[in-house]
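Consider the two complexes below, in which chain A is the common component and chain B and chain C are the respective partners.
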Partner chain A sequence: MKWWRNRTTGHTEDGPPLDARRIAWLTAVAACALLPHASHLPGWLDAVAILLFTWRVAQLQLRWPGVSGPVKLLVVVACCAGVTLTFGHLFGREPGVALLALLLVLKLHELRSGRDGHAVVLLGYFMLLAAFMYSQTPAMAALLALSMTVITAALIALTGPPAPVRVLLHQSAWMLAQALPFMLVLFVLFPRVPGPLWGLPLDAYGSTSGLSDNMAPGSISQLSLSGEIAFRVRFDGNAPAARELYWRGPVLSRFNGRTWRQGDAARRVSDRPPPLPGAAVAYEVTLEPNSRNWLFALETVSALPAGTRLSDDGQVLSGEVVRSRRRDRFESILSTRPGDAERSDSLQAALQLPATGNPRARELAHRLRTQAGTPDATVDAALALFRREPFVYTLKPPLLGTDGMDEFLFDTRRGFCEHYAGAFVFLMRAAGVPARVVTGYQGGERNSVDDYLVVRQSDAHAWAEVWLRGEGWRRVDPTAAILPSRVERGLADMAAGEPVPFVARVDAGWLRSLRHRWEATNNAWNQWVLSYDQQKQLELLSRLGMPAPDWRSMTIWMASLCALLALVLTAWTLRRTTPDDSLAQAWLRIDRTLRSSGLGREPWEGPMDYATRIASVRPDLANEVSHACRLYADARYGNAPHAPAVRELRASARALRRKRTPPTS
Partner chain B sequence: MPAPSTIVDAASTLILGKRSRIELALTCLIAGGHLLIEDVPGTGKTTLAHVLARLLGLDFRRVQFTSDLLPADILGVSVFERETGAFRFHPGPVFTQVLLADEVNRATPRTQSALLEAMEEHQVSIEGETRPLPEPFFVIATQNPASQIGTYPLPESQLDRFMMRITMGYPDPAAERALLTGHHGRDRLAGLVPLADAAALTGWRAQAESVHVSETLIDYVQALIAHTRAGGTYRLGLSPRAGLALLAAARARALLQARSHVLPEDVQAVLPAVALHRLPRFDPADSQDEAARLLLQAVALPV
Partner chain C sequence: MREALRRWLSTLGGSPAMPVTLDRRRIFVLPTGAGIAWGCALLAMLLTAINYTLSLGFALVFMLAGLGQVALLHTFRNLLGLRLDEMPPEPVFAGQPAVFPIRLDNASTRARRALRLALRDGEAVQVDLDAGQSRTVTLRLPTSRRGWMAPGRVTLTTRYPLGLIRAWSYALPHRRCLVHARPEAGRPPLPLAGAGDGIRHASGEGSDEFAGLRAHRPADSSRHVAWKAWARTPGAPLLTKQFEGSDGGELWLDLARLPDTLTLERKLSRLTGWVLDADAAGLSYGLALPEERIAPSRGPSHRARALRALALHGLPA
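Up next, the complex of A and B:
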């Protein structure tokens, strides 16, 4: 009575037919593969996918009828048309992924054989890969790892014997865990090429809000600050005090009565900053993409990394537009001025004003200059004026008309840093002191988890510079005169009632620490995973003791490490499955000998049943095999001594090896 | 003491084409377990019970279970006797060595449980007095799975009392032809000579208990039990009692095969009969054979 002999599985060339259990697994595959794409696919496509998916599940659970062929064709044609309408064309990454998503759900309605199941699984894997083209955040990576586990479990379910869900998931997770060391080796050692191999995710290119190359404070009625991170900084030593952290950006020296723009000096660049006296602060800036060629360094920068340049008005520029996250090392000297050597046309530009407009402001400037006498004293007088008069710092300033400076200085007196910087520079110029507006970021927030200083878009700031004979350009921050805490403690400490962005508020302590932790995780991910480029690779490898690694040595290392890992894993697996006893090994030797002729023992088959089966298919081996099986059974399950049985089993393995060649049929 | 296989040989001449079922039934009796035979009428359930009892030289009683059968009809009753002026106990049919409970699922749960207590305890309690049953004591119950109207199916806890559940199945064409052409009738039962007796059966049972069980085999049995408990396929895994029954049955089968140690094949041969009626499945769509195959093929032999 051998019930497993007459099993009737309809094995065809396409593999076993798909039963309800396997189909359920495949629907899980589709769900896992499509979930990461739900947010970026067009809404109508999401709806179609959910509809088709729900239908399939209902067909499986509630015995609904299947989707008929013509309906499927209609869906395909309609969706292709929809994709063309949405994206403008049918080819390329976005429409391609959209079509694949559609095909994946439709494939669920066409599961006939095992091959269809494998197609769904492979498509699922591909969709996971494609998800990385849209987002590379740690959360996405975690989601994809989970999805990967489910899809691999489905692959096991598709090919293996029936097993409970938990067992399959466990097996799949275990398999993926075994792949992890290989992944690490390949990640660290696979030779990198400078620049992206294929398209970076969209969020790397995403146009980020940030500084702009002009400033028109009068036309802004509400400044909306974003909590997005502009860049992160790691100082080599202790971070300087917040009030010294002026991250210099574009310098605006042309004014047309309403808008401030960059001047000619911004276009004159040099490779090397002028030598400066003083102690330098060294730090590393990880800049988020800003779609400009602007880099941000502390005033005043004294050492530049290769490939970057310094404009004549002191802004650090990169050779190309910053489209992906980049890391640069700078050195700055905080307490110095470059000296009063300045081109005369630059000084001329720093005195430029429109011919007419703002009469009251001009008049005020003349009065200040005549009362003060020297340019130095004029600066102090203007700052004293800002301090004395009831000026208010607000993020919701009133709109200003044609003579914006007059209205601001005498009527409204409400504004934010751009108003104050602009008005101050106007006054200075009108008083005959060369001055210009500097934009950039001020301060930053120290993340206590990873000790990075985080500078956000909401830290954007504008201040002024005046040129004084004998001293050169001096930084003057009129906003600090109005509201010193803005500069000393950051935006978070602003006057109550002001619309401070949510992320910048100080009150919710636990929330802030949670946010710090999350941002530190993100930062570690960015630093070590996403920005692991050729440079970082070389750095790491030379720190690991591989001087001057080239792609050849890396490939050799990679291959040897992978081989070593495979050996270790194999040895470990063998140690687990092969019992350390000679009887078992002798028995396994018999099994291996016969297995190579297609006569292997099934894992569940008892030795005597095995002997009977072999005798029926290979009568020529019957005597040898049944003798060996009896020896093993008596020794393993009976009381027969092991040692002679082992000897005889080895002899019979040798005999079988000679005889095993299959009969010619 | 005769070899137990002589009983199988003799029974096979009477019940044609059912050697494996006869072996299982005898294995069950040697292991000291009760037997549940489940099949449609006319497949030889009663004959099997009758033949085994006769060949083993045991007392045999048969009770046809009906819905109006009362516990006293099985256990017996005390009757007042005018002559002696005292109650005298009239033992019921349960006081025998082999009790055939025909269509056990037709009786009410109350009557069923009276029988099942006797099966478990090998004694009955009547009117506050505990009376031991003869030794050996076997119950062979039959059940008709086809007509379920007006029946009280045995609950899982009570199915667990039966060491084995077997099905008879239709005879194969050759056996059926021999059955139709020959004169294998109940009349031949009467002329059956006992080949053994209660003492021989007790001796076999002692022998079976001394059959060697290796560590590797225990590993295998544990792996099988663990698989049923691992979840997914069965609503309930095998109980420790089922594990003991499995090993006892495997030992009895090894004895029947005249072997001094238990092989995995013994476990596999008795496993469907011992385990399947104790394993409520989530998806009972498969046939018994398919269920047995799934269970056995899911667990690899330790090497």
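Up next, the complex of A and C:
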């Protein structure tokens, strides 16, 4: 006989065997734990889970037969095979979550003792944790808090006597509310270790949208359809004007006739930006994960945070791939350009063109160069051309053929920023001026609620850089020549038929302020809850006045605060356990009142006997006294509630005090 | 070893003798198996949260850790301030379970749920108490021998509300249960008038026909006191009415008259059976034991006295 079995009853230590009521609670646990996963589990697994779940409910409600052992084994084997086929492996985040979900729903068919019940509850909590791997929005947090209340209520149902659902939910919510202070202390003070502890499988992060390392016609206009936030910025002082906000991303210098790619300069990195004159703007960028090692800073960056590097073509790179939201502080100088010292191979690369193709564009470039003379004047001439000719800025450009530059410049004349930047750089190179395409983001929207500047995927942009002797790389934005408002106000002024994302339209009034408020809330959530990491923790603790916080002092503080909380909670709950003596005190007050008139209750007298005696001695007090005695007896020995009885007894005592002096006859 | 530890624990907060009010020094808490599993699961969840840098994962783990702390307090509070008292146990016959009524008083304004009481060798009883409620639970112990049976220590346990923590306390009842000898099964019929062993036939004191008065003896049934005669002459000694029964005999159950081939226990068992038979038949009977003679009489108190003498015969007090 196993040690945990009670010798005579067969009850397990964990409580009585599971009855229908408890099993119903456990199915609720499974439902709460699996629902947040339904959207990202493979469809067939959802179907299997729903089938097994429904079967269990039918077994409970309609007395269906249970799933037999061989069938369960078959399901396990089939699902393991299915998971392996779907994900390619059995280990890692996605297959792990899938297998846990399966385990949970199968466990519902294996409920014998309280132990199985506890196993379901723990699995349920674990599935909640796993749900946070996919979404950590405030809405998800609220949903999972509700689920947690249900699961905890099920845990109470496993141990406690039968009780209505509402009572158990209330009790569970109440206990969780008491656990909340502990959670807050631990959350703030538990020393954060930068993860991961072990190698994460490759699927640990989902796909993200954002800039890519190459540019073909259509790639950025695709991105502009997305209202997703790319990063948020907080400036130390006032934000610069929107037309100065060029967030530099990958620099593309290799062209194959259709696609622009990064050149060799992108692979040469240095730890420190070259010194630049001028006043710097300091700001903090909170970057959403982009699955690249790209960081976005304003042109031209002058101070880098530790652990980041600068590529030769001026892009800021992080040491590792940005898989989760991160914060970095940069300083940039908006007015200066890097000096004209440039490697000759870089300049050579900035003149590279395919050997053939686009003859009309090449011819145009030669004509511009010969007319203008200097490179400087060539740049101006090309921009004037864009301004003069009827070019249209559109998110829906027509498709281009093999000689794309020719078609765009002479036939269609409709394009998005990548068309203009690409065509401009092509013309410059054909005219012998070193030039390259720079991709990144331009502008951003200031949120009036929290003063963060929000930069979205729809702010993705491409512009050009030309190298001029004596000046160095100069930024040229041909899009600004076509549509100056693009760099002032983003895509908001695009024609009404353009598929501009809703958030990029400047919509006036309450809708906009509502959106700002919502995004500011999200940002606060991101900054203080989701991105609460080692850095933020140290920052907060020093701001709270903890000198030089380290894990030792944090642990000491955490332990002391938790002990203090436990003490306060103990004192508070135990105070409420002491018996309520107000009834006895009110009764004693009656007794004292009458005792002073020589009518005290004898120790052996019960309240009813006492009332009878007083009635015979002092008929004038009979009504009050018998009423009081009846009240006390009903409350003390019967089922009458105490609180109203106490109030009435006190009133009776006052009435008796007025009447107790013997009547003068 | 384990038993010695428990005995020592039970005396920690002062004597555990009932009535006892459970104060904080008397209540012990330890995690249950489920509680230890909970802790391990939390550790695994914490590592997952660290590894995947899940901020809300941390929040979830810390919430559950806080919940464990709250559960500890609630479980402890489920016992705190509870008062246990014992009620006198009714005598039983050997072989029947001895029943020990324990009274639980919940003076607090809070309900107490899923309390389990158990005697060392008995089965557990689960009970819930509402706010301010008192209840009596009966704990049973199997009996096999006649004599006094001490219930031993009562263990009061609760895992409520979450089942993660076990809080327990001890109480020691001092009232013992009287276990009568087991009535012999298939015993010979009552040794009535003229029959052989175990009886003495004296002048009849049956209850059928009034035969006269005699001086009152304390063992006489109060129903047979001549109250009217006493009322007529106040101050006179009490008299007992005597009746002439049709069976016409005074039944004496005498241990010494039983055949020597029987063991002592067997003899006591048979006499116990006869006491029951005689009582059921409404006969007046006396009991003769070497150390005690109980004069013939009848009625519940007489029966109880006779059974008690048989139960305790030859045993140390």
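Here is the rule we use: the second predicted complex is superposed on the first by the 406 of 665 C-alpha atoms of A that agree within 3 Å, B and C clash if a C-alpha of one lies under 4 Å from a C-alpha of the other, contacts with A are read in each partner's own complex, and residues count from 1 in each chain.
Here is the rule we use: a residue touches a chain if its C-beta (ideal position, glycine included) is under 8 Å from a C-beta of that chain, and two chains touch if they have at least 3 such contacts.
Here the structure is a predicted model, which means the values were calculated and not measured.
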Chain B versus chain C as contact partner of A:L468, first or second or both or neither: neither
Considering only the touch criterion stated at the top, classify A:L35 as touching first (chain B), second (chain C), both, or neither. neither
Return first, second, both or neither, reflecting whether A:G606 touches chain B, chain C, both chains, or no partner chain. first
Between chain B and chain C, whom does A:P161 touch in the aligned arrangement: first, second, both, or neither? both
Thinking of the overlay built on chain A, is A:D533 touched by chain B (first), by chain C (second), by both, or by neither? second
Would you check which partner chain A:A173 touches, where first means chain B only, second means chain C only, and both and neither mean what they say? neither
Return the chain, chain B or chain C, that is in touch with more residues of chain A. C
Partner chain(s) touched by A:L146 [first = chain B, second = chain C, both, neither]: neither
So the chain A residues that chain B and chain C both touch are 4, 161, 578-579
The chain A residues in contact with chain B across the complex are 1, 3-4, 7, 161-167, 578-579, 584, 587-588, 602-609, 633-634, 636-639
Residues on chain A engaged by chain C in the complex (per definition of touch): 4, 6, 8-9, 11, 13-15, 93, 114-115, 118-119, 122, 125-126, 128-130, 132-133, 136, 140-141, 144, 148, 152, 155-156, 158-161, 171, 175-176, 178-183, 186-187, 190, 193-198, 200, 204, 324, 529-533, 562, 566, 569-570, 573-574, 576-580, 642
The residues of chain C that touch chain A in their complex are 32-34, 37-38, 41, 44-45, 47-67, 69-71, 73-74, 77, 80-81, 107-110, 113-114, 122-124, 126, 128, 132, 159-163
Would you pull the chain B residues touching chain A in the complex into a rising list? 20, 212, 214, 216-217, 230-233, 259-265, 268-269, 272, 289-290, 292-294, 296-303
